[in-house]
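Here chain A shows up in two complexes: once beside chain B, once beside chain C.
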Partner chain A sequence: MNNSFLHRFSTHGILILGTIFMSAPVWIAFMSSTHSADTLFREGLQYWFGGNFFETYYEVLFVEGGVMKKVTALEMLGNSMILGLGFAIGKVVISMSAAYAIVYFRFRLATPLFWVIFLTLLLPLEVRIVPSYEVVAGLGLLNTHTGLIVPLIASATGTFFFRQYFKSVPEELLEAARLDNAGPMRFLIDVLVPLSKTMIAAIMIIMFVVGWNQYLWPLMMTTEENSYTIVIGIKQIYQVLSEGGELPQFQKAFALTILAVLPPVVVVLVFQSWFVKGLVESEK
Partner chain B sequence: MKRVQFERSTVPYFFVAPQIAIIAVFFLWPAAQAIYQSFLLEDAFGLSSQFVWFRNYEDTILNFAWLQSAGFTVVFSAAVTLGSLSIALLLAVKANEVLHGSSSYKTMLMWAYAVAPPVAGLMGNLMFNPFIGDLYTAMNVLGWDFNQKLDAFDAGFVVILISVWKQVSVNFIFFLSGLQGISKGVMEAATLDCRSPTKRFWTITFPLLAPTTFFLMVINITYAFFETFGIIDTTTRGAPGGATNTLVYKVYTDGFLGADLGGSSAQSVILMLMVLALTVFQFRFIERKVHY
Partner chain C sequence: MSTLTLSGINKRYDNGAHAVRGVDMDISDGELIVFVGPSGCGKSTLLRMVAGLEAITEGEMKIDGTRINEISPADRDVAMVFQNYALYPHMSVFRNMAYGLSNRGMAKSDIEAKVRETARMLRIEDYLERKPAQLSGGQRQRVAMGRAIVRSPKLFLFDEPLSNLDAKLRVQMRIEIKRLQRELGVTSIYVTHDQTEAMTLADRLAVINEGKVEQMGSPMDLYSDPKTLFVASFIGSPHINLLPARFENGELQVGATTMPGFEALPEGVPLMLGVRPEHIAQHPEGAFEISVDLVEQLGADSLIYGAVSGFNGDEPHELCVRAGEASQREPGELLKLNFETDRAMVFRQDSGERLV
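Right, the complex of A and B next:
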């Protein structure tokens, strides 16, 4: 009896410690963001609510700040939203259509093209930084949404995922569709897409988070403040805030951090079960 | 591939074309450029360049800064992989055991997946800030003369701690799903045969999780190599004196900030070979996994 009580106690103890370890940084950042710059500087990090919530968040969201004083967090959130959604939608459309061709058609270049797609796994952005930047600069795409999104969406992960999924779809469906004289486009739109709805949703959620959180590529691509995403923006602004000569505005740095974290966290929490399913399935 | 397929000569090309086009322009061409430039030496003004065979590679590999960075990358990857895998495994085993509140624990332990590495880095940076950071103060109060700006070990500690924190949630999700995949029958039989829960874990559960663990090792090493860029760039930026420069961060600082094209390209190509090795390792393992 005693033994099992101890065991249960330690189990919950470890889980609670883990929960604190994972949540504390964000909790402290949020609490600190609701205090004044003065309090933070005098008393350090804060662990409970302060009275400056509206003031700080209003200023961060609507008053132009940053190195050149030209951008608000609201605009940066907008850019992040475009990147997240554009990345998710673009990736699903492109990889689904490529996987469709590879699984459902017999054509001569199928195998070599599949290997070309596979090759992208060996070429993460980080190993081709400088030449990729040159290509995009040469095409005149710096500081554009196209230049930000398109180079990111071609990697193989999505294609592999849909290829795997399509292979598990029963063969009879295609036979039936052919008896009905449905062409490739009809079959894709009327049969395959509705059938893959949950899979598409799961992948979209993961890709939205991945897109929103992109760092290196937007860091190189965006040189003008009004095309910053929030993840890039907070870093630049953070430097100004905490290294400027006056009283460091730590509360703004914390508020920006919270704003950058909030949308992807909400998406993951709201669609938790789809998200977990998508993550575990896609890596198989 | 499917037994039944469409037989059209042009339609499939229309479907793969977008992806292939983007890959050609944004993957193959830049990668080819990187390989080509790694054999060139440019003059200081970038006006002329000459073909120098493997000199950039020699200069790279025989360079103290690169060796230091390679050494740090190995230690860093090992520490991050080991640290986050063991924390995640412990939490997943415990979360799988509890009867009450397991779904709240699950939610609380996995949501950090959505935090971007550079944002995690910035938060960590503020926690270790000499003015307001309580962790900074706590370390010094406890007698550890802590200063991540000056001390290489302390800087490495900060970067590793933040990187581990960021990666626990992914590992947790996969371990938990692996544990839930183990059949109840096997576990019941194990309980009859072996009464010690610790021994049961190491002789039954852990070996059954081996495929998940191997897979996660590859994922974690890739993460430590590439995705921690954002953490390093928002915390130490390679300081002090390049002691926390990972190989990827060095490619960025040398090539993008320092404009040393040849040297940076040679480093890129070496990294590509490392990714290749990791991929081959992963696929050989996946082939083996079939026999389980």
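Right, the complex of A and C next:
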């Protein structure tokens, strides 16, 4: 009895400590964003609500010049949303078609080709960033959504997941479909896509968050404020804010951080059940 | 309402495996043909070649006299029932059955009528809106058959459709398949490794072994007049009794016993004597003697198992005798037996060819 009480006490203690450790920075950032620039400058980080919540967030989100010179946080959120969604949808479409080709069209070299695709995991964007930049710049796509998204959407991980999933789909389904006069496109759209619903959802969620958090590529690609994503915005705001000899507007930097975190958190919370379902169970 | 002709059909895989070797076959309109054989004998491959799911390496296949080798599975107008049913898991029963029809551009109202009619015939009209996962094994089996029937194809192909069902349901579905096939009169091929299923269903059955058709004929023909050792041992339950034998000095020697009534058999070749369990009678002066190991009571009759005396230990000499209800025997008892000489068969051990 005593022993089990101690046991529960200590495990809960450890869990609570862990939770505090993980969430404290977010809490501090949020609290600090609700204070005025003066308070922050005088007293440092804040641990409880201040009175400036509405002013700060209003200015950051809607007022031109409130956070950057021209662009508002809302526009940057929009850019991030386009990047996140484009990244996720692009990856799903590309990797699903690649896996479909590899698994169902038994052309020669399908397996070696798959491993070649898989090897690209060893060449992340950071390694090939200079040539990628060259290509995109050569095509005149700097500062465009296309240039931001397209070089990122080829996905070895996604191809791998879909390939494994397709391999687990019974072969007889394909044969039944062939006898039912369904061609390759019909089979893909009528049978495989509906079967992979949860899988698609799970990959979309992961990829959305990864896309949203892209840093290095947008940093190189976007030189004009109009095409900044919110993650780049956070990086740039310090330069903007400390210019001109005024008091640094740290509360706005904190507000921007909180805004940047929210959408991925909402996506994960809302789609959590789908996400787990897609990765854990395969529909029979 | 179709005929199917196979001539010189061969299947070789890229890795060199020769799965189907020179199959010739004529299947007439409305017949139910069963391919039976041990697993890996090529029976499924042959069926899949008829369906168009496997390419034909050599030979010609014709439906109603038209060559179909190069025709795609969908255009051959055949329907197949798969072992694991292969129902589309995300579609309702209705859509599962309608899918093939709508892909062929049939009008919505016609599809509706056709599916409902088929569902009524199979007694699944109450489940049309359900998903396959919400159905029992037997119901799924019916849906799979419905999907085949609804298209009114020229040929039905069944690939071990009952092997996922429990024993009772299997018997029930077997009868139903036979009844439906009769009613619809569609030429059908049915693949199974279960010889009871084969015997009960078939108009004619083809025993396949190592890619070759060993023998084709009506179930009773194959049972009473097998052409090879393989067919004799594959057809029949319980199995035919096989005892090693030799022909010496104009007489058949089975173990220590001489069996009269055989002439002109090759001498000095290992032979095999085959006797069906029901062609052995108990007789007080019988030539063979067994000591009873085990008695299986089946109700209407009983099966007595025992070892024949007069054999070396390393030769197979187990015997099974079908005896009437009244025959109550205890393990350890000695029994004298007579074989019905005119029903007994003799095979060559090396080639499996039947001699008598």
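The definition used in the following text is that the second predicted complex is superposed on the first by the 262 of 284 C-alpha atoms of A that agree within 3 Å, B and C clash if a C-alpha of one lies under 4 Å from a C-alpha of the other, contacts with A are read in each partner's own complex, and residues count from 1 in each chain.
The rule is simple: contacts are C-beta pairs under 8 Å (C-beta built on N, C-alpha and C of every residue); 3 or more make two chains touch, one makes a residue touch a chain.
Just so you know, these numbers come straight off a predicted model, no measurement behind them.
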Practice task
Overlay done on chain A, so just call it for chain B and chain C: clash or fit.
Solution key: fit
Exercise for the section: In the overlay, answer first, second, both or neither for which of chain B and chain C A:Leu123 touches. Expected result: first
Problem - Partner contacting more residues of chain A (chain B vs chain C) - result: B
Practice task
Using the superposition on chain A described above, determine whether A:Thr198 touches chain B (first), chain C (second), both, or neither.
Solution key: neither
Exercise for the section: Check whether A:Met22 is in contact with chain B, with chain C, with both or with neither, and answer first, second, both or neither. Expected result: first
Exercise for the section: Please state, to the nearest 10 degrees, the angle that the Cα centres of chain B and chain C subtend at the Cα centre of chain A after superposition. Expected result: 90
Exercise for the section: Go through the superposed model and pick first if A:Glu175 touches only chain B, second if only chain C, both, or neither. Expected result: both
Problem - Partner chain(s) touched by A:Asp190 [first = chain B, second = chain C, both, neither] - result: second
Exercise for the section: Between chain B and chain C, report the minimum C-alpha distance in the superposition, expressed in whole angstrom. Expected result: 7
Completion exercise
On chain A, the footprints of chain B and chain C overlap at residues 175, 178, 283
Completion exercise
Within their complex, chain C touches chain A through residues 51-53, 72-75, 78-80, 82-84, 86-90, 99-100, 103-104, 133, 147
Fill in the blank from the handout: Per the touch rule above, chain B residues touching chain A in the complex are 1-9, 11-16, 18-20, 22-23, 25-31, 33-34, 37, 87, 90-91, 94-95, 97-98, 101, 105, 107-120, 122-124, 126-127, 129, 131-134, 137, 165, 168-170, 173-174, 177, 197, 215, 219, 225-226, 229-230, 233-234, 248, 251-252, 255-256, 261, 264-265, 268-269, 271-272, 275-276, 279
Practice task
Would you pull the chain A residues touching chain B in the complex into a rising list?
Solution key: 7-8, 11-12, 14-15, 18-19, 21-23, 25-26, 28-29, 32, 40-41, 44-45, 93-95, 97-98, 100-107, 109-110, 113, 116-117, 119-124, 126-136, 150-151, 153-155, 159, 167, 171, 174-175, 178, 184, 209, 212-213, 215-216, 219-220, 231, 234-235, 238, 242, 248, 250, 253-254, 257, 260-261, 264-265, 267-269, 272, 276, 279-280, 283
Problem - List of chain A residues in touch with chain C within their complex - result: 170, 172-173, 175-182, 186, 190-191, 194-195, 197, 283-284
